[in-house]
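Each chain carries a letter (A, B, C, D, E and F) given by its place in the written order, and its residues are counted from 1.
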């Protein structure tokens, strides 16, 4: 079972973003290729890794190519979620040369970002190996890329937090203040939200955590706490709710956070500050 | 004259991306806010810089807010392209609390990325100050964000390269190989492309540069050249075409590249590997 | 706190359906009104209940009117979720007569269906009053109307089950068969799904229910069971998971089902077999 | 000749509704199937009638399946418009199991509604058999479903009234009041509307009917009249215009209405108050 | 009563075309205006007729302006359908100069075409004045412009034929051949089409016309007939159906055609071969 | 190399216009064909030239056909850009008769306009043969048809001016006035526009032309000048910039304009006042 698979319906759901991306890059036509490449010239290209990392986005790159020209044949040589090394061939692509060159940049822009996310995620996952903690993402994804960014996190071995404001309940201080206390906030959310969703509450200290868990919170987010406070909260909660560490997580600190016993560590930087992975498309003779 | 302005028509052209972004974040509704915040609660929030940098994207953040709820009033306290410092108030926002909380994450996701781009660009621009060189972007932008990414580069003091495949001619080795030589490629492009576009050719060494400029290329891209080769090309071209350095540009090397005398330095990392700037939205009592 | 409110973002998310509905009803223009009503004729209309029931959809009716013509002023005289009686005035509407007549049918088509749903839901909710059970909807809504149908259920006093395939996990026999048993299915879902979602399993008898609850299912759907079996399951589960009765629920049987002690009763007919409520738009002199 | 066929262009025109329906049901992905069903598992399912009635919507169900996953093979075993009996197999469907389960609910939601409409229509059509009257629908269809609802009416043996405000002229009391009399209203409509459309006028009594037919109305709608009044109008009109009975039509009363000699009987309930037909999708071993 | 009015709903229905038109003309932004015109510069412009003719499209020009920038104020000085003379001021427009210049070309492109259509139509209408004949358009409109082209015909004093394939029945030789004769074709169309539509049949000679009218055709199109044949057909039909002359209509021949006694004269050139009317937008000091 | 080719990406970019065009022509279905043509009837049609000219748009006609029904097979017998003569067969088309008839009008509407543009362009190109001048189009294209209109100009042997406001800089009097002189306007545009675009300035006399060329303008548009003035400007500029004649160009005057030595002659009428070429679709036995 590959938990990070992109099924047919999901591919379809990112079509509007792919269409936006191609429209903005092609404009009224690829003039350079149209004026210099014969319309009937066929060619072969290869996707090449130029650095080490974890691959994510190959089906999207293929989908971009097919969107530009259904005649393009895209043969993946490896699957998403696998480690790749500099110099490795990732896919072979044949088709009309004009179309290959027209699609190249957009396909790479997706692939490089997504592989960058998977590569960074894999480092955090490796750092907490053997502990109780799972690495999860946040809603700090790039506008329009939510599904792809979160898929790339899964490809890197991470797990997903809620996808959006409707498939999870996360009560923060503003909600608590508005309704008049954490107990009332949890009760209001429980009454109004579908019973299929867990109630998560963000807390800043041990006392808030205590109130939240006693009021029935099913997930407790420990926001920007010291190691000592996190350990105290985990001990107090004692399995009555899931615990999630959040805020200021770096590759250097993540192991120590995991060692506090939390179930989940959420990291915004996985998706808001991505270093693109170097991958190129080379035409072959 | 502010060269980086977002006019009414441009704001309108990014509406599809904003719609995608809001749809993916709101899903079927912000359940937490809908169940805990009274529908008639009004509130005030402030956008706060949490780090130093250059601002970009405030009109987009405002536009996101208005898209979610036209009743929101967004008062900018500073304009894009200006330096900001940690703790600085960037905007005051008043409106229905539910709507503010619903729009918060998407508005910040845009603003943090764009300010991250402007901040990085400004560092490169500062590094080449006093030389002949302009810092320019590439087509390695985030899919769907082309206009916003390039606007953020301008806000940081950089300039824009072509926006897409139709508003610039850039002849690379694949085009040259297909048509049978650089002279024929330039002549084919000149014959077929609108006369309003300059012809740019990517070259790898002095000899190719010579052929290109003699064949009438109006911009010569010096791809991944050594400092010595760049200087030799600039000297040989002697103003007959614009020169553009490309490939392997870092903040450490950029000044030395500029000192080779090139007119333009293009940097993919400005937009493909962005560090989000830390900005928060705080509700005020 | 009104748990059934339509906030600004939700109204916006149904705009594509409203646009489809108006396009299909207006075609190339309302010829009758355009040829017989002067373009500058202003008028006043009233929405009148022609039967007793529970109101739902008034903000949608207003939104349809405004979409057709922003000059229309729509004054609601009552809010969604309230009981209404035949002859009651629901809203006063003034504006260009042509636009009122053009928008009338589409506005009513929404309002009559939604009020029909709310009215039927309220009957089920009344029937289980005093028991432990909540009335919930299903995904058997009319294509394109998911958000509105489920809102109407809330307006009638019911609660919502999951909105779609991504904001809830519901393991059925096909999933269990594919993965090789209920324990493995729950474990696979738990590993791959966001931690914010509860795991629900559909069971057909006491033994399956036992396996599911022991494997960690958080909601147990009792599918088409006899009263005796439901009671046995509820007793066995003893609060370790939520229990949901499903299948063959009628207004006659619902109280007896609730008396079995289940937490939730899901009813497809609330949204798949709706009797429109009779509401008319009358022009006033 | 099957008058109720869905041709290629019509199928295409309902794609936006199908896309809305799938987007709202799939959200960010079918998590249950994605985590429990192997991506390469293939399976076979059958559509089974669970009640007697008239089938409508099988091509739409197939189209929904293909939209989710073009690899699905859908073999219809019967055509729309034919009577079906409980237990009858309607179609065999093979393809990736994940995709079948993802598409199931949306396909059924369309099929059950449309077959419900066809089944109800067929009862009305049977009730008036042997008379001069045709059963026709109205514009009281589900928003977004106009084409499908009216197709289902045809599948049940009924006929279509105008599809929208632009392909028919129907003058009601508001139009008459605005322009100053029925003669002037008909003359204004005749002057402004395409000559290809007939002019219909809604009347409430014999005198209005007389004025309308003398002013050149080509269809007279007899609105909520007694049997005696209907008979009197039909006799007075004497074939100079088509006559249409409207308002308060039930299965019990429809034969008596037809016996008044009207040409058409329009029934809003055919599409505004639909009982879904029970049809299931069963996976086969 | 102005039969050619554009109501609110119709304006809305052309929004997709206006959006396409602005997107294709603005691309990624009006660079010239953005770099040379200060963002806060306000200005005033006037629309000036540069030739004589009939005006059509002023509300569309205004709508284009408002779409680009809602701050633009557009004051029409005359209404569509009125004759205009060279030098006449048609509208005054004030707003941000950048936005005025950005919107100018698209607004004019609509206005010049539509006024060209109205002007040509008015000449044909004048030519048949005093006869029984009305000038009508065809489906030979510019793709995407159907509603606007037909509106412009009405502005010029012409009438509309059917708008599309669904709001009129027009039986041609291919249909007759497929179903086996004109009588069967009319009967099949009558059985399947809504009763609100008239049946039109295209005929090539007197005998076909006789069969058609006897089979119940309500409109007879006389296709490319000689004057003598047209007169014979009109005489034979004797008011039992409307008669429409079609094919080879020129301004020179149209009066003679009308004098044959036909009810309608349809002219494809009104919309397929349009001479734009010269109108300019001038900035005022 | 055919400089006027429509590549796969460009065809895709006109899909929204094709969808609009089909939607407006098909409405809720082609009633005539649906009621008279059997659903399984297959047929063959031919596209026939009815006049002499230059062909453009055959791939669009094919694309329209495939959009209506993917089962249609369209075999072109000639390529765009070639001269055609009355009676010549342009393409053979086979497929379901209903679909052929449904698609016919929209396919022809595109093809007739585009061939009309190519035919007119070819006449201007022939008229300046042997001179230095190229015939170019303008932005006076029909809204929504920019890409197709400009493609048709290329098919007729003409060249394209800028496609839109973002892929060319054209400074007119309003820009110059706003910024305070031609030198400042050019410098502002040069600073803000991508370096890949040439700067064009519109001038009205010799003195303005002198200022523009000295300020670095790369293209000088000579607007509505006398032959003498044009010659004087060309001589003064002496190759330092491209020269473009604009305004009042007719087939009678174009040779004399070319003889003034200008590089480019731009003609709005090529696309704003098009005479459709007569082409028909005939069903074959």
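Keep in mind that, in the parts below, a contact is a pair of C-beta atoms (placed from the backbone, for glycine too) under 8 Å apart; a residue touches a chain by one contact, two chains touch by 3 or more.
Quantities reported herein were computed from a predicted structural model and do not represent experimental measurements.
**Student:** Please state, in steps, how far chain F lies from chain D along the shortest route of touching chains.
**Tutor:** Minimum step count, chain D to chain F: 1.
**Student:** If we look at chain C and chain F, which chains touch each of them?
**Tutor:** Common neighbours, chain C/chain F: A, B, D, E.
**Student:** Among B-E, A-B or E-F, which pair gives essentially the same interface as D-F, with more than half of the residue-number contact pairs in common?
**Tutor:** B-E
**Student:** Which integer distance in Å separates the CA centroid of chain A from that of chain C?
**Tutor:** 32
**Student:** Distance between chain B and chain C based on Cα centroids, please, to the nearest Å.
**Tutor:** 44
**Student:** Between chain A and chain E, tell me the centre distance in angstrom, where each centre is the average of that chain's C-alpha atoms.
**Tutor:** 52
**Student:** What is the distance, in whole Å, between the centres of chain C and chain D, each centre taken as the mean of its C-alpha atoms?
**Tutor:** About 23 Å separates the centre of chain C from that of chain D.
**Student:** Could you list the positions in chain D whose residues touch two or more of the other chains?
**Tutor:** Residues 1, 3, 24, 26-30, 33-36, 38, 102, 146-147, 163-164, 166-167, 169-170, 179, 188, 191-192, 194, 197 of chain D each touch two or more of the other chains.
**Student:** Across the complex, what residues on chain A touch chain C?
**Tutor:** Going by the criterion above, the answer is residues 1, 3, 134, 136, 159-163, 166-170, 179, 188, 191-192, 194-198, 200, 219, 242, 263-264.
**Student:** Which residues of chain F touch chain D in the complex?
**Tutor:** The touching residues are 22-23, 26-30, 33-36, 38-39, 67-71, 96, 98-99, 102-103.
**Student:** Mind listing the chain C positions that touch chain D in their complex?
**Tutor:** Residues of chain C touching chain D: 16-18, 20-21, 24-38, 41, 97, 101-102, 105-106, 108-110, 112-113, 116, 139-147, 163-167, 169-172, 174-179, 185, 188-189, 191-194, 197, 269, 272-276, 283.
**Student:** Considering the complex alone, what residue numbers of chain E touch chain C?
**Tutor:** 1-3, 5, 7-10, 12-13, 146-147, 150, 163-164, 167
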